[in-house]
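Step one of this worksheet: look at the structure below.
Per-chain numbering from 1; labels A, B, C and D assigned in written order.
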Amino acid sequence: MGPFLETLIGGLMSGMLYSLIALGFVLIFKASGVFNFAQGAMVLFAALAMARFAEWLPALTGLDGKLVVNALAFVGALAVMVVVAWLVERLALSRLVNQEGITLLMATLGIAYLLEGAGQMLFGNDIYKIDIGLPKDPMFLFEQTFEGGVLVSKEDLYAALIAAALVAGLSLFFQKTAIGRALRAVADDHQAAQSIGIPLSRIWVIVWSVAGFVALVAGMIWGSKLGVQFSLSLVALKALPVVILGGLTSVPGAIVGGLLIGVGEKLSEAYLGPALGGGIEYWFGYVLVLVVLLVRPQGLFGEKIIDRV
Amino acid sequence: MDTFPRLLLAHAAQRPDAPALREKAFGVWQTLPWAQLATLVQELALGLAAAGLRRGEHLVVVGENRPRLYASMLAAQSLGAVPVPLYQDAVAAEFVFPLNNAEIAFAVVEDQEQVDKLLELRELVPQLKRIWFDDPRGLRNYDETGLASLDELIEQGRAARVQRPDFFAAEVAAGRPDDVAALFFTSGTTGNPKGVIHTHASLIDRARAGQRFDKLTEREEVLAYLPPAWIGQNIFSFAQWLAVGYVVNCPESASTVSIDLKEVGPTYYFAPPRVFEGLLTTVMIRMEDAAAPKRWLFGRCMELARRVGTRLMDGQPVGLWDRLAYALGNVLIYGPLRNTLGFSRVRVAYTAGEAIGPDLFSFYRAIGINLKQLYGSTETAVFVCLQPDHEARADTVGVPITGVEIKLTDDGELLVRSPGLLKGYYKNEAATREALTADGWFHTGDAGFLTPGGHLKIIDRAKDVGRLSGGAFDGAMFAPKYVENKLKFFPHIKEAVCFGDRREKVCAFVNIDFEAVGNWAERRNLPYAGYTDLAGRAEVYELILDCVEKVNADLARDELLAGSQISRFLVLHKELDADDGELTRTRKVRRGAIAEKYGVLIAALYDGKGSQHIATQVKFEDGRTAMIAADLRIVEARTFPAVKAVAA
Amino acid sequence: MFYRENGQFKTSYAADSQILPIRQDRIGMALLLGVAFVVVPLLSSEYLLRAILIPFLILSLAALGLNVLVGYCGQISLGSGAFMAVGAYVAYNCQARVEGMPLIVALLAGGLGATVLGVAFGLPSLRIKGLYLAVATLAAQFFVDWACLRLKWVTNDSTSGSVGIAHLDVAGFSVESPAARYLLCLGFVVVFALATKNLVRGHIGRSWMAMRDMDVAAAVIGIRPMQAKLSAFAVSSFIIGVAGALWGFVHLGSWEPAAFGINRSFDLLFMVIIGGLGSISGAFFGAAFIVVLPLVLDKLPYWTGLPMDTATASHLALMIFGALIVFFLIKEPHGLARLWATAKEKLRLWPFPH
Amino acid sequence: MKKIGGVVLDVKNISLAFGGVKALTDISFDVREHEIRAIIGPNGAGKSSMLNCINGVYQPQQGSVTLRGKTYRGMSPRQVAEMGVARTFQNLALFKGMSVLDNIMTGRNLRMRRGLFWQALHLGPARREETEQRAHAERIIDFLEIQAHRKTPVGRLPYGLQKRVDLGRALAMEPSLLLLDEPMAGMNVEEKQDMCRFILDVNDEFGTTIVLIEHDMGVVMDISDRVVVLDYGRKIGDGAPDEVRSSEDVVRAYLGVSQ
């Protein structure tokens, strides 16, 4: 029982992070119909920025105190991400309005390359660490329920909690705030957005900034776990199936999808892995999605597509 | 080889598989070899015979250039019958006279449009009993008596061949060179058209003369796109086609002629000046949109071409440096230009029927197209005077070619004697006697003279040449056409009509070229609401006035014609149009018709009014009519004192 | 400017629908092939052949295959790397397990292997469209990556997971020398390019493009979506598979699964976009571009004298690729091939602008 | 004069809804051999949806379509196409990336059977087949008088000509029943006249039965034999042009709007 719960909880926790990144995809897709392949690159870019700022600030200003530095670095990185969002809108999206989804997807691939290149050029391409003081030591739960208890990494737990908080926050932001509703309106149809009186371009900048924010948090958490390096940009690839599984346009979908896949791959790794030679989590998400899509082409929570003639 | 059918059979025997006709149909050039053509002609002939077409009877042929229409003409000739081509763009009413005059009982036409026209005339033309059509489109539900498709005719022909296998050969053998080969109705500028009778001998003789003059071979390619009823097209794509045995290509449709021209790339080309003019206009308009550097290059090259190209064409000495420069220009501009126009392969190109502007003429020669002029008419089977290579001028029409004698009457009318003369006008003794003298001279009705170099120069229709009476130039010679042409050489002027015979001064109607002036106006962003509005604009009057005064200055230099300078003119509110009886089908102005239709305007021109109101009825192709009314301003033009020829 | 089309009229549909209807183009193509088959092998250095021309040819072939799917049939695929891998490993296993299996046959077998996978992962395309399909193809990528890494029998139980080819010969002739390898690749490329051209100008190609441009209309005029899409997947993955096999056998000689990772897939996609979606020549332009640009960037510091370490160069390359993708998608969605075509059209109309 | 034959297409009680939104309610009408049958109605009356039900793009929730005695529900567009039904589209659904000729050739796809292998070689049978079908496509190009644009990419053609190509692609299928979805939408008077001419020619040259959606009442009254009037997904009129013109419902629903 214990090992099962361990893997289950582990899965849920990593799933939470997937959801976080998936959320980035969903936001952008809802608002601008763009399937943002650059999400991963944004995570890398943001993480690099923060890591390096946190490194440079003391050197330049001489102030120390982890919290302040990290806070400032975080703000700085966020600013950078807003600029990125703005540039992306100016230089790419605004010139690709009402193009086909595929074209936009390929464009974001281009953007991804740009960001990866630029990021490493500006901030260097070694492995950097972000230390936001997440406790590294593990903890044990349910020790009384059965012996040995269930080992949980505190770090992962906090990470998951942060992620969960962010996810909840964003969902609220979208349901409750005026701007949030405006964004949803855009997703539903662009005329409606016009009538609300917010220029499309600004909405896109906002959405991409929010996505940048999400990326930054994700990057921060991941970075503090594994260190900031190029491979960070690949976490997006892990989140892709989550998005599709949840159905591109649904925030809850992203969350549920994230947890499902998180749990699924951990369990499959643990129980099927040995039989198949391990490393199943590498593809589990994708194959799961493939199967789901064959049954529900629009994903679990996505709206049905009717093509009119 | 002295009748067309025999020429056909000769080709079929000697070069059975060589292409005779090509037609762009269904996207590719469908080729008809001589042998197949001969078979087709035989079947058609037998079909026609079975239908009752007899030696000496007439068969009307109406339509665009289509292989099976050509074959029908040959089929008629094989039977000793006479094909009578009529203009496919004529309105039904215009058919009545020829059909009755030539007692037409049989007709082969292209399509529904022509069929409809003929059926319209059934009561007026009772003797017309059989009509065959080439293209069945839209005719499926017609159940008129005597109406059938060429395919059915051919079927009947096949059937007939079984019973009388050697009938065809016999009929062809029975043909004589001096049998009538074809009847061409000339849309005379006045009165009813006259049927010009040509024999096999006369047409073939001229065709051969032309062949020898330009050393044509059976390798020539010709594009047939002008009305086959016009002797020009007929000579080039029928008489010479059979005499020489080259390939005639028929375009896919009127809308694709320019594309087809480019594809075929004819080696022997013939077109009236207006076609070359149209081409040049499009060239200039298209170059307008070119990028600045390219326009500059084009300008430089054309300038060089005008200086060097024409000299090269005329075989005059050119410096080595210029030769090199021209060679470069040939790679950069002239060659590509010839290619885009479709003239890369042209060896000999002719223009005739109207005077051609010097700039227009030299443009084509300058870019390396051997464009020449010839003089001839329906009555003289086209080949009277031709310009030899290297001796082409814009203002002359060439030297008399083998077999042709010419002389001038005292009042300057040109007489021609040649084996190519018509036998007479069909059922019109009076006209025949008037035109043909007892000793075989033909009155061309053209006034002209021979230059020292022996080249013929035409100034006008003899009957139109008049004299001024009273005024500054009392008694001076007045050649309206000559003046009108000078006006028409300006791209902005489409047509012009001058008056002045037995009057004290010369006045003119001017017709603007809607496309050219339209462009001119747009480039000056000058707004206008259609033809009439544009024609009336002050700016346009300025433009035309400038042209008129240039012409006057030019005329003043010519002692003989200084009197023909234009002192007053107006710009017409509508385009002169054949459908309104103002032009002939070949776009010659009908002076008489115009003079009476626009009497008020002429009056106004002469009694010094500043403007005149006019309302005119116009007819559209589909027969609807409308009124166009406008107040036309009348403008004075500056005239110049005659420059006495000093050193000449 | 160099075109002289007068007199080049067509008297049959066969002549009218030939691949190069204009004589001047045929001459040009003949010259090109002459140079490629004769001059290049004779004159070019070993480095040029090994490092530039052979990769260029093989990648062109792969891009050609991908273009069939993305450019002609409009089905996006991010899994082409996987299809190359399958091609390579199937071909490898044929050689390793079957005694005396001829090289050509092994390579084609690689193609067939890829075809099977391609059709399998193409099936979803009947229900899944656009973005969703893109992700489905990623599934192929990751699954194959994993299989090559973890399933021992795929690598014929080689301990390191990397596999190698002993020696190459076609019908007894050794294809070890760079020139020979080059010619082998060139042969494949020419044959497949021609075959693909024939497909896209025939009714199958039209059904692909119909699906791409307006799938509902296509269905209404009686095109079977399944047939059209699957045939595109099959053809595409076959070609890519063969390219993969060539990449392993002729270019690398010995390789690890990483050689066919997801970046390969992206590279191929970029070749197709930059080169030109829906055109044969596009594949070649794109491949040339992707192969040449890094080399240029390497040489850049040497030429300009600016110091630039290899890392910066590769980052610069990334950025330039990225920028170009976006640029082309915005400015010229049909890529270099379209630019080339426009230039030709201008030459035909010269001196007229249009 | 042309002869109207028996019923070829019989539409019975068709109802169609998109997620609760009713597009068509209980529509029935029939089409006779060789006639030109018009479907008219204000915007959003469900005209296009009706056609989509007939040729299998939409599957109606209720009702049946009977074509030449064969009743079908849930048939794929392909199957309907094989039964000789072709259609054109309201807002051009041409294959933008292809030339005029290729667009029309796609209409021949149903008849082209040569497989990948021969296609790739482009020899023998494949080539022969291509040539045969090309010849047929060319006849249609000739019929529609678009020879000058044969090799032009459809995207570059003016709207009016694109509509013609759309018709051409449908004709290439040699349909026995032709569905035209607003063939004259957005055309100028001249283009409309041409299109009318072509429709009438198709009708009596090839004897094709035509179902036609059209906005322009004038045109409908001129060329159609019988008219169905839809309004908000319901049938409110059916009969000869002048009968329909005189019915109040129609006047209220349709003419009332347009005047």
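We take it that contacts are C-beta pairs under 8 Å (C-beta built on N, C-alpha and C of every residue); 3 or more make two chains touch, one makes a residue touch a chain.
Remember, predicted model here, so these are calculated numbers, not experimental data.
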Which of B-C and C-D has more C-beta pairs touching across its chains: C-D
Chain closest to the assembly centre - both centres taken as Cα means: D
Distance between chain centroids, defined by C-alpha means - chain A, chain D (Å): 49
Whole-Å gap separating chain A and chain B, where each centre is the average of the chain's CA atoms: 78
Rounded Å distance, chain B centre to chain C centre (Cα mean): 58
For chain C paired with chain D, centre-to-centre distance based on mean C-alpha positions, whole Å: 40
Overlap residues in chain D, where contacts from two or more other chains coincide: 57, 89, 93, 134-135
Interface hub residues of chain B, defined as touching at least two other chains: 27
Multi-chain contact sites of chain C, meaning residues that touch two or more partners: 13, 216-217
Sites on chain B touched by chain D in the complex: 25-27, 137-138, 140-141, 252-253, 255-256, 259
Chain C residues within the chain A interface of the complex: 74, 76, 124, 127-132, 134-136, 138-139, 142-143, 145-146, 149-152, 215-217, 262, 266, 269-270, 273, 311-312, 315-326, 329-330, 333
Of chain D, residues touching chain B in the complex: 1-2, 101, 134-135, 138-139, 141-143, 145, 147-148, 150, 201, 204-205
Residue numbers on chain C that touch chain B, as the complex places them: 1, 3-13, 15-16, 349-354
For the chain B and chain C complex, residues of the former touching the latter: 22, 24, 27-31, 221, 262-265, 283, 286-287, 289-291, 294, 297-298, 331-333, 335-340, 342-345
